[in-house]
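Chain nomenclature is as follows: A, B, C and D, assigned in order of appearance, with residue numbering initiated at 1 for each chain independently.
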Amino acid sequence: MAILADRHTRLIVQGITGREGLFHTRQMIAYGLEHNAPILVGGVTPGRGGEWVEGVPVFDTVREAREATGADASIIYVPARYATDALYEAVDAGISLIVCITEGIPIRDMMRVRQRLALSGARLIGPNCPGLLSPGEAKIGIMPGLAAIPGNVGIVSRSGTLTYEVMYAMTRNGIGQSTCVGIGGDPVCGLGFTDVLQMFEEDPLTDKVVLIGEIGGEEEELAASFVRDHMTKPVVAFVAGKTAPEGRRMGHAGALIEGGMGTHKSKVEALANANIRVADHPEQIPELLVSNF
Amino acid sequence: MNLHEYQAKQLFARYGIPVLNGGVATSPQEAYSIAKELGGKVVVKAQVLTSGRGRSGGIRLVHSAEEARLSAEHMLGMSIAGLVIHKVIIEPIADITQELYLSVVNDRSARLPVIMASATGGTLLHKVPEKVIREHLDPDLGLHDFQVRQLANGIHLPRHLWAAFTRIAHALSRCFFENDCTLAEINPLALMGDGQLVALDGSITVDDNALFRQPELFERRDWLAEHPLEIRAREAGLSYIRLDGDIGCMVNGAGLAMTSMDIIKHVAARFGFEHCGAANFLDLGGGARADQVAAGLRVILADPKVKAVLVNIFGGITRGDEVARGLLSVAMLSNQQIPIICRLVGTNAEAGRNLILDAKLPHVSLATTLIEATERAVLAAGGLTHGDSR
Amino acid sequence: MNLHEYQAKQLFARYGIPVLNGGVATSPQEAYSIAKELGGKVVVKAQVLTSGRGRSGGIRLVHSAEEARLSAEHMLGMSIAGLVIHKVIIEPIADITQELYLSVVNDRSARLPVIMASATGGTLLHKVPEKVIREHLDPDLGLHDFQVRQLANGIHLPRHLWAAFTRIAHALSRCFFENDCTLAEINPLALMGDGQLVALDGSITVDDNALFRQPELFERRDWLAEHPLEIRAREAGLSYIRLDGDIGCMVNGAGLAMTSMDIIKHVAARFGFEHCGAANFLDLGGGARADQVAAGLRVILADPKVKAVLVNIFGGITRGDEVARGLLSVAMLSNQQIPIICRLVGTNAEAGRNLILDAKLPHVSLATTLIEATERAVLAAGGLTHGDSR
Amino acid sequence: MAILADRHTRLIVQGITGREGLFHTRQMIAYGLEHNAPILVGGVTPGRGGEWVEGVPVFDTVREAREATGADASIIYVPARYATDALYEAVDAGISLIVCITEGIPIRDMMRVRQRLALSGARLIGPNCPGLLSPGEAKIGIMPGLAAIPGNVGIVSRSGTLTYEVMYAMTRNGIGQSTCVGIGGDPVCGLGFTDVLQMFEEDPLTDKVVLIGEIGGEEEELAASFVRDHMTKPVVAFVAGKTAPEGRRMGHAGALIEGGMGTHKSKVEALANANIRVADHPEQIPELLVSNF
């Protein structure tokens, strides 16, 4: 079993008929067919209920979709202005795993969403994230399937393509992944590093973990404390943004050194102090994973 | 998005936070008129979106309207930290008894806004950080009265100032929430000789993601405060930040773009080319079209520092053939022969690589791994070809 | 606090909810003018805060301005359910295709507001209650878009009406929240011949506890719609409701006041005095002063139905001596000899009882238990003294 | 031990220097002294920190009061306009039992408070309630101590003086109380009937329970279901408002029959169907308590 999602996950797509939603729905179906894993069970687009897209039924509301398909997971490809509503709808319908790909949701809105998540118990990955991939089991998001092979290394990352780079480097070196989780690059998101590290620590099929961080915030420092105090499995890390200037937002809303907080140096020191091996660049990660801990 | 001091103060005033009655000038003559109306003894402050104006001659106390004119003449057009001064504000000289600090900011760790107060503001703030009192705010309900009392109590504010402080704290909190701020700061919040609390300087940062619902703030955005190349990139829908180095970078994804910058520095150091580094951060985003790629390459090549370009694409939504088409459209027409090293992986990467091979442009080449691509870019920028280094 | 239909519609219009363009008339002549302007064929509707106006002749369809004048003349001054009609509204006759239902109300069980919609509104609503679709609202965030979709979907609203329905639902929800309503109802929400959705009738109830922050609504309160005795009691800070029986009650605490009313009926039935019952509900509240007690007794005695008065005080904050003083100040001066039976327990009860004993007023007596006091009050109202019944 | 509060409870008074707060502070202290029970440990009035009132220290904020006194319970006598703030302050300071006497708080505000209570785990009694009394152990509120004696009957009520009437009738008949809880007469309040019934069911010192309801809402109906399904201890009930007209608010904000909901008949039927003995009037309750169940 992988963490968060596996072949028993019943997934729907919110925004299935949109440009992005449709593109990635096809990718997810193709991945499922190729790996003999179950494909998604339905989609939601208001006003398009009753149609069929790529062989799956479309519903007007998440509630209807859930009632008809028994869905327990949802992936959101809805534009930023409507994404908060989509998140509340998924929570309200009782979806237990929500993955939000959408970029550009205001910080305040996500703070409000978090309060409702806390009351409901639903788990959110993202927003502004690539989703997750349990190779050969489940692909919920936009991670390229070709970059990954099944294995025993868990990956948790704040980044998108940088994560693919790491997966790809591992895969080329024959090191597979249990689950790859992109928690997203926004300052306020759902699951954090420590939540996912905890799951990897408890997952019998994960033996080692790769953590991919970025400048900004304190997530990496908190993760380092967690690893030091609560983890038995070895962790390798990489932190992007060593050469990024202070006070400029580096693409991601969350990748921003403000008032001297969230620097590369602080993060790398914290990780190293927790006995985590920190790579100089992504392509160095496979060799750190196979060397003796 | 950051507001200028004068814009922040206009917003403060609208929420009932006391500010000094000054004016904004875009010419020395305007500065003279405002200073004259204020009685001559004034402060002239440059409006630039950077800290440390004081140290760079951006704040002047003057004693006559004529001096104000001269100061403005000196400041307007001058640059601080690479940013040109287009406006100055003229304010009466304040009779300050004490400098306090008050701000509302998003606390990323708590994932909540936090209001902070200190009895020592101004430039002294960071010297006594343990004296800052913090209260986390409910993102639905905002600031509670009891929290203001806890702040006032915590900074030992004299009882007779509580009412004014409470009004200002609530106003600042409302200003923060209603304008989707990530920072709303009064520093210093000055206690004046007459017993009034006044916002002497202010900073406001607005969440870029929320600008769609803040049309008035969006309009106030000072585009002139950006570098011209950044403006061009933004207009093409690209995330571009100009840096000091000589190797242009074009990458899809912010984390990978930063990583590419980092690897350039890492490889350069290994090769002993310490002067080499990234000339920019450029994130194409997801699913960039050929015309966006072309616009990005044009922006990179328009930077005279650039001696080589590293293109690193890990295609998920982004298609390698689309990237290649965009690159070639610019590289073919360009008179410059600046080396462009491309590494394409993922969706349609092979089609893209074939397009580049077929074009047979001598200065455009392919690499397999990120390290290899970076090594060649560093060597090219350092004046060597890859072959030379072997 | 309930708003009149015309007030509710004014509020709706302010939130952009479509209503008919009618007018409010306080005289037959005004009704005539409005009807004439609307072309003569109009509806005249009495403005009273009770349901079932239609059955009581409070709604008339007329075919000319002159008929409208006559209808208004008939209605104005008339009473429905004891409430005098002071205003009528005149509206064009609506061309209705379908009657829907939409409301926001506090759901006490869930302790949340709930929005409800039904495809069958008007008087048919309660005949098909299972067809009502409900969505609970977040008290901080209000109505979400997805909830409107769930309503529209649930009542099988034709797709071309979704946009208009969404606007109206959001407007009604905002109206509910911003005005501290406990009910904001559109019934019917009519689908007109021209395809428009229009609020044909509306009810709004505002939380009395929130009126302090709704000054505009507070001003609109129609005091004339209350009974004069209720107005007098309210002005004295007492909670008083006039009822049909003949035994006045004065009690501290709402639950105990209701209980006293219930016991009166219970005892009366036991004695075979089925006609006996409470003449009013009167809650003195906590810690009533002598002047408030006096005002309460005056209100009770001003009701001509009253044949006996039951005073039941269980003093916590309320002091028995204060109650006795208030009672005696009125009872001494009153020409009426209506029997007043007092039962005082709790704080300073003995002092109060002594004051009453010392006053030696023949029609004011003391009882020990609630049942005993009630029995004596019922017997007194029934024309018998306590002794007679034994 | 009683439920909710006993001699180990450390109580502070919010609004201790106000007219009502001061009056009841004196009453609570007098009760404590008379019954050899601990008296309150402090009070809060903004701007009066550092003073002493009735022998207890006054603080500017609940947080200070809690830090100085170790308070775990608070009683609020603050006027309606400031009561919501006082509630949030108590929750924020980590007070675990909050009793709010204040009447007149808007319904919407209480709905919002409830969301924060749910996130914090604090327990609220009220608002618009008489508080609670564990005879001889703890008096938190305005219930007259003279009406009660220690015993084995728990009382839970939506009413104020009506509750005293019942307590008094029991006491005169020699039947004592374990704890008397007034949950308040507002439509939206903290603990409900079922919450308190559950506590009585679990309390070893409570053998029987008296439930005092009113017209309006569905609390009594829900309580009846709870008693039927989850309670082993006998319950006696009384419901006020048999003769109250529909559509009129009977003093309490919550005592209101709306749209045919919350009638006396519906409540009495539900209670009787759950094998609860329903009294005709309060003074009948003692005899129902001692007759064979």
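Everything that follows uses one rule, which is that a contact is a pair of C-beta atoms (placed from the backbone, for glycine too) under 8 Å apart; a residue touches a chain by one contact, two chains touch by 3 or more.
This structure is a prediction, so every number in the text was calculated from the model and none was measured.
Chemist: With contacts defined as at the top, give the pair, B-D or A-D, that has more of them.
Modeler: More C-beta contacts join the chains of B-D.
Chemist: Determine, using the mean of C-alpha atoms as each chain's centre, which chain is farthest from chain D.
Modeler: Comparing chain centres, B lies farthest from chain D.
Chemist: Using mean C-alpha positions as chain centres, tell me how far chain B is from chain C in Å, no decimals.
Modeler: One centre to the other, that is 59 Å.
Chemist: Between chain B and chain D, tell me the centre distance in angstrom, where each centre is the average of that chain's C-alpha atoms.
Modeler: 55
Chemist: Could you give the separation in Å between the centres of chain A and chain D, each centre being the mean of its C-alpha atoms?
Modeler: It comes to 47 Å between the two C-alpha centres.
Chemist: Let me have the rounded angstrom distance from the C-alpha centre of chain A over to the C-alpha centre of chain B, please.
Modeler: Roughly 28 Å separates the two chain centres.
Chemist: Specify, in ascending order, the residues of chain C that touch 2 or more different other chains.
Modeler: 140-141
Chemist: Multi-chain contacts only, two chains or more: what residues does chain D have there?
Modeler: Within chain D, residues 112, 115 contact more than one other chain.
Chemist: If each chain is a node and each touching pair an edge, is that a line, ring, star, complete or other?
Modeler: Shape = complete; every chain linked to every other.
Chemist: What residues of chain C sit close enough to touch chain D in their complex?
Modeler: Contact set of chain C toward chain D: 106, 108-109, 111-113, 139-140, 177, 180, 182, 207-210, 212-213, 239, 241, 243, 251-259, 261-266, 277-278, 281, 283, 286-287, 314-317, 345-347, 369-371.
Chemist: Quick check: in the complex, which residue numbers of chain D touch chain B?
Modeler: Residue list for chain D touching chain B: 46-47, 49, 60-64, 82, 85-86, 88-89, 92, 112, 116.
Chemist: Applying the document's contact rule, which stretches of chain A touch chain B when the two form their complex?
Modeler: For chain A paired with chain B, touching residues are 20, 23-24, 80-81, 104-112, 114-115, 130, 142-144, 146-147, 157-165, 168, 185, 187-188, 212, 214-218, 222, 238, 240-245, 248-255, 262, 280-283.
Chemist: List the residues on chain B that touch chain C in their complex, please.
Modeler: Of all residues in chain B, those touching chain C are 140-141.
Chemist: For the complex, which residues does chain B have touching chain D?
Modeler: It is residues 138, 140-141, 144-147, 149-150, 153, 159, 162 of chain B that touch chain D.
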